[in-house]
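Take a look at this one; I'll ask things after.
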């Protein structure tokens, strides 16, 4: 239990920087890499400057499997943290239903977030019985095809602008001994089907499958094309050409060893760290260049209900942090470093690079719910198992893939 | 006549600690030799060298005329019985006995014949199917002896085999080992620190101290003619009485104790005739050789002494007195009732005692 | 009468004559087949064991470009120690960039009490199970052994609830309790089997002298259990020092063990891993158990020697 | 506190029932007090957890243990999941090899170390150091070494030995043996230490007796010393066995279950579904199946080993 003997003084007006008593607020998150740490440091800086409270950082790597057990244990153990980051999605659903997460609706109304939120659908996973329990702070999208300019210079073809052109260039690439599709082992394959679904399948199919969980849509012809695209990728990828980490794929693309790869926008962070310049060293094709809407998810912040006896100053610090996380200044500083898209429409993103600008244009057409966003973690895990199995075992035919995908969507809740 | 076991100029040192020094020992065929001495005198080390479990630092070992110095224990024709019996705990008695033979790939019927013969001799036939943990100390020891027996060895080596047993069992097994020796007529080398075992079992006893054999002789000679003060003091319980004083040589040799008491020693068989001069020496006489009361008068030397402490031992009584300022103990028949403080006449024949030269502590 | 092994059938070879004049210690040539076999097996075993360490150490002294483009087995061209310094002092573990150092003392604070408490309780268990067998003690022991097979992740939530009811969740006591629970099956088995191997007369003699349960334990059993105590210590210090999940969940934020910093440095899912810093950080974290092994090596031999003499 | 002496018990003399009760509670009272922590752990934690696991495996609880009863639904789903079935067969294959090799190499190395060789302390530390390093990174190093392009195979081929293939890590049929190489590297050292402690506990005179009996050294180790080390062997088997059943870090660090699901293991399934997928009921169903198989093996063996004869092993 945190015991602070501090006289409770009602905080002065929001954003007042002269909070009488500074409180410590523990924030857990799994942004442990260099790029991510720099981004979360922005949040901490703005929080400490504007409120005088101190941000106690307790980073826990390992994303879902690594951090979830700790976050959940701490909450049900009665020693919750001040605030925690989790994927925008239905991971924390039950925690909200169990009344362990603090209701943020009054803060939301005070700031009337509907005005500036880029897409109301982002708030859906956070709302339960009409009340809001979390604030999404960024938008990440898997919907990117990264292409190597060096690879295409070597085979003397222009850099493709759509998925079909890219697939067409594979034979030439293979002759030149260039890996048509770079891939890392483990979870990175799990995001690829979602991207193919929105690119090849189109927005209606995404909504039908992810949101409505319509089994017939999965058995339909459009989804079959998605499955065939997966089969095509499987044919050019083999276990011994896969690399340990997705950052290594980034290096392969810059070096021209691999022609292209489907991965989330956070790969840009690594491409830039490795000295890549968008437009010169690599190209980025949002939604495979075939759809005008991006599927997306992202990270959100939850504020656990603190046990009674916690000094009100800490509760006050929670409220202020919630407001700051979605304030224009913090949003700009954080998302630029993180390489994700802010959730506010009124943020000047002129400094963002070319790829980010493309994404912002597409964002105006509204956000499609990605798998992480709309499906329960249980369903996501089953789909990930299916995709990993399909990739690693050629005996699974496209029909098996479609059938098993359908049965998973059928039992999805 | 070829020796069963002969050790020539054997020495052994652990690092720079000298444990055995230039030791020589010849053992005749079928002889029962006991290596006797306090713990740490090197008797067990010597036994281990003979067995081949320890590499000697110098010298040679012969068994049945064959130089076995570099041989493995199994090729020396020896069997060994250990203080902790060292039976293979997980094997039945029958397997314990036959395991060595089966490893040497001996035919089955020959193995069975030997096991049967050994278990008959040692009366352990009913135990063959049992595990060592189910046997008593005595039974375990017999199985350990059986293990050497089945291999038809030339020499049996015993390393304090009875010290883990209780007193009664110890005397039973002692008799059994003696009977075994008479029946098998094998050479046996027996290590112990218990002098009763040594005196009762041995054809010859080697008293050892600091890695050197002090005396090698039959029990009677060791008991009656100890070569030096150490051997005299070690054998016999209660131990021998020692009177310090001076030996006056000449035709009428006499021993003058420190306080002046004069004891005629004419009847003593001197190794070398005393040469008339006075030699500082020690006169040793065993409590059992001291006559009390009437019988004392017949002794060449008798005197009055005052009894300080009396210890009735059942079969006889032990008395502690003072003679020439030094304690004198003697053993009296239990009928003679002695009381503390009583003065009594005691006497002894120096001829049965021993005289040692204080300087060399050797027998004169 | 005697049946000593017959002289080998081959004619009296040179070694036969030498044997006749044999004197003093048996000449053991430097290269006996036995020694050759032993040392060659040990040599290849060491190669197998040390090869990964070689890769780790060379990588930890390379710069990132050299790792990315060079061969992992090649020694560093221009070795630099900055990966080590960075790992200890400045590697980013989330917001704070202080490397592994903040967690070091927390790890010590967790490991030392947990090791001692868990070993002590297990020793008492082993001793009670063997010498003071009471009704049902064997059933408890069987369930305990069964307990060592339960995957620890499954027991996370129940343990959280138990420690919450005890009011010690999020404190050092919670993590000590958890490590004692998880160490108990194997450690109890270790001590139980060791005490079973001691001669039973020792215990009976003490009972005859009227010594009670605790006096026999402290004055006779514990001093004799040095060899198995060393083995138990190696097991526990390694397990607790390298543990991440229980340290993070039960110890509370102010007691985060060093493995949290290590995990954050090494296991960052999103960003590009700095392999040289990861290697350096792992070796640094592993130093404490390694030192314990080396020190315990001496204790191990002396303990064992004491144990053997008792036979 | 000294035990109840016989006289006190007789003076009580209030019929056999009280003596029976006294016998249960007061006899070895201090032993029972001393063993109280163990009994509490066994009842509350191990038995309690198992019941908790089994109970919630019959519910549909997702993130928090709170769902309602759904009978065998979780189990039906479990047995229909190919990843689970592959995990179980993987564990059986890997487990068998790992147990046999760890025990054999552990004993062989312990015997070698028992030969009064020089640098014994150095050799022992070399074999034991892997046990000290956290597996997240050492797994990565093995991943590099066995990676077809980065590691051994790539280097050998660059050196001209083009035919050299060592692609176990990415070959679905061989990946379990790649796990075995790294697993043995980490686990053999400690088993060797355990067995060395056992060897050194053997009474020296047993060795002398065997030598006098003409039994060659290797035969003495196998037929005499090994059976005497029963206690240590049992401890080693339980240690290695529980390590195999709980196998998780090695797989996550080295292959993360790949290629495909060729090296998936049950504990990873349990962990992924309990926390990653936020479906503890499915995770607990998997864990219960693991515990069931362990129970079928352990109970009869433990009964034979400890309970049955009741004599001092």
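Letters A, B, C and D name the chains as they come in the text, with residue numbers starting at 1 for each one.
Methods note: a residue touches a chain if its C-beta (ideal position, glycine included) is under 8 Å from a C-beta of that chain, and two chains touch if they have at least 3 such contacts.
The chain lineup, named per UniProt: A = Probable sugar-binding periplasmic protein; B = ABC transporter ATP-binding protein; C, D = ABC transporter permease.
Note that this is a predicted model, so its numbers are computed, not measured.
**Student:** If you apply the touch rule, which chains end up adjacent to both subunit A and subunit B?
**Tutor:** Correct list: C, D.
**Student:** Select the chain at the greatest separation from subunit C (ABC transporter permease), using centres from the mean of Cα atoms.
**Tutor:** B
**Student:** Mind having a look at which chain is the central one, using mean CA positions?
**Tutor:** The most central chain, going by mean C-alpha position, is C.
**Student:** Max contacts between which two chains?
**Tutor:** C-D
**Student:** Distance between subunit B and subunit D (ABC transporter permease) based on Cα centroids, please, to the nearest Å.
**Tutor:** Measuring from centre to centre gives 56 Å for this pair.
**Student:** When the centre of a chain is set as the mean of its C-alpha atoms, what distance in Å lies between subunit A and subunit C (ABC transporter permease)?
**Tutor:** That pair's centroid distance is 41 Å.
**Student:** Could you please state the distance in Å, as a whole number, between where the Cα atoms of subunit C (ABC transporter permease) are centred and where those of subunit D (ABC transporter permease) are centred?
**Tutor:** Roughly 15 Å, centre to centre.
**Student:** Could you check subunit A for residues that touch two or more other chains and list them?
**Tutor:** 69, 76
**Student:** Note the residues in subunit C (ABC transporter permease) that touch 2 or more other chains, in rising order.
**Tutor:** In subunit C (ABC transporter permease), residues 153, 157, 263, 266-267, 311 touch at least two other chains, as defined above.
**Student:** Check each residue of subunit D (ABC transporter permease) and list the ones that touch at least two other chains.
**Tutor:** 140, 144, 203, 205, 271, 274-275
**Student:** If we use the touch criterion from the header, which chain pairs count as touching?
**Tutor:** A-C, A-D, B-C, B-D, C-D
**Student:** Going by the contact rule at the top, pick out the subunit B residues touching subunit C (ABC transporter permease) in the complex.
**Tutor:** The touching residues are 55-60, 64, 66-67, 69-71, 74-77, 84, 151-154.
**Student:** Can you name the residues of subunit D (ABC transporter permease) that touch subunit A in the complex?
**Tutor:** The contact residues of subunit D (ABC transporter permease) facing subunit A are 62-64, 66, 81-83, 140, 143-144, 147-149, 167, 170-172, 255-262, 271-279, 282.
**Student:** Can you tell me which positions in subunit C (ABC transporter permease) touch subunit B when the two form their complex?
**Tutor:** Touching subunit B from subunit C (ABC transporter permease) are residues 1-5, 19-27, 311.
**Student:** Residue numbers of subunit D (ABC transporter permease) touching subunit B in their complex, please.
**Tutor:** Residues 203, 205-206, 208-216, 219, 223-224, 227-228, 230 of subunit D (ABC transporter permease) touch subunit B in their complex.
**Student:** Touching subunit D (ABC transporter permease) in the complex: which residues of subunit C (ABC transporter permease)?
**Tutor:** 38-39, 41-42, 45-46, 48-53, 55-56, 59, 71-73, 121, 124-125, 127-130, 132-135, 137-155, 157-159, 162, 180-181, 184-186, 188-190, 193-194, 196-197, 200, 210, 212-214, 217, 227-228, 231, 234-235, 238, 241-242, 244, 259, 262-263, 266-267, 275, 278-279, 281-283, 285-286, 289-290, 292-294, 297-298, 300-301, 304-305, 307-308, 311
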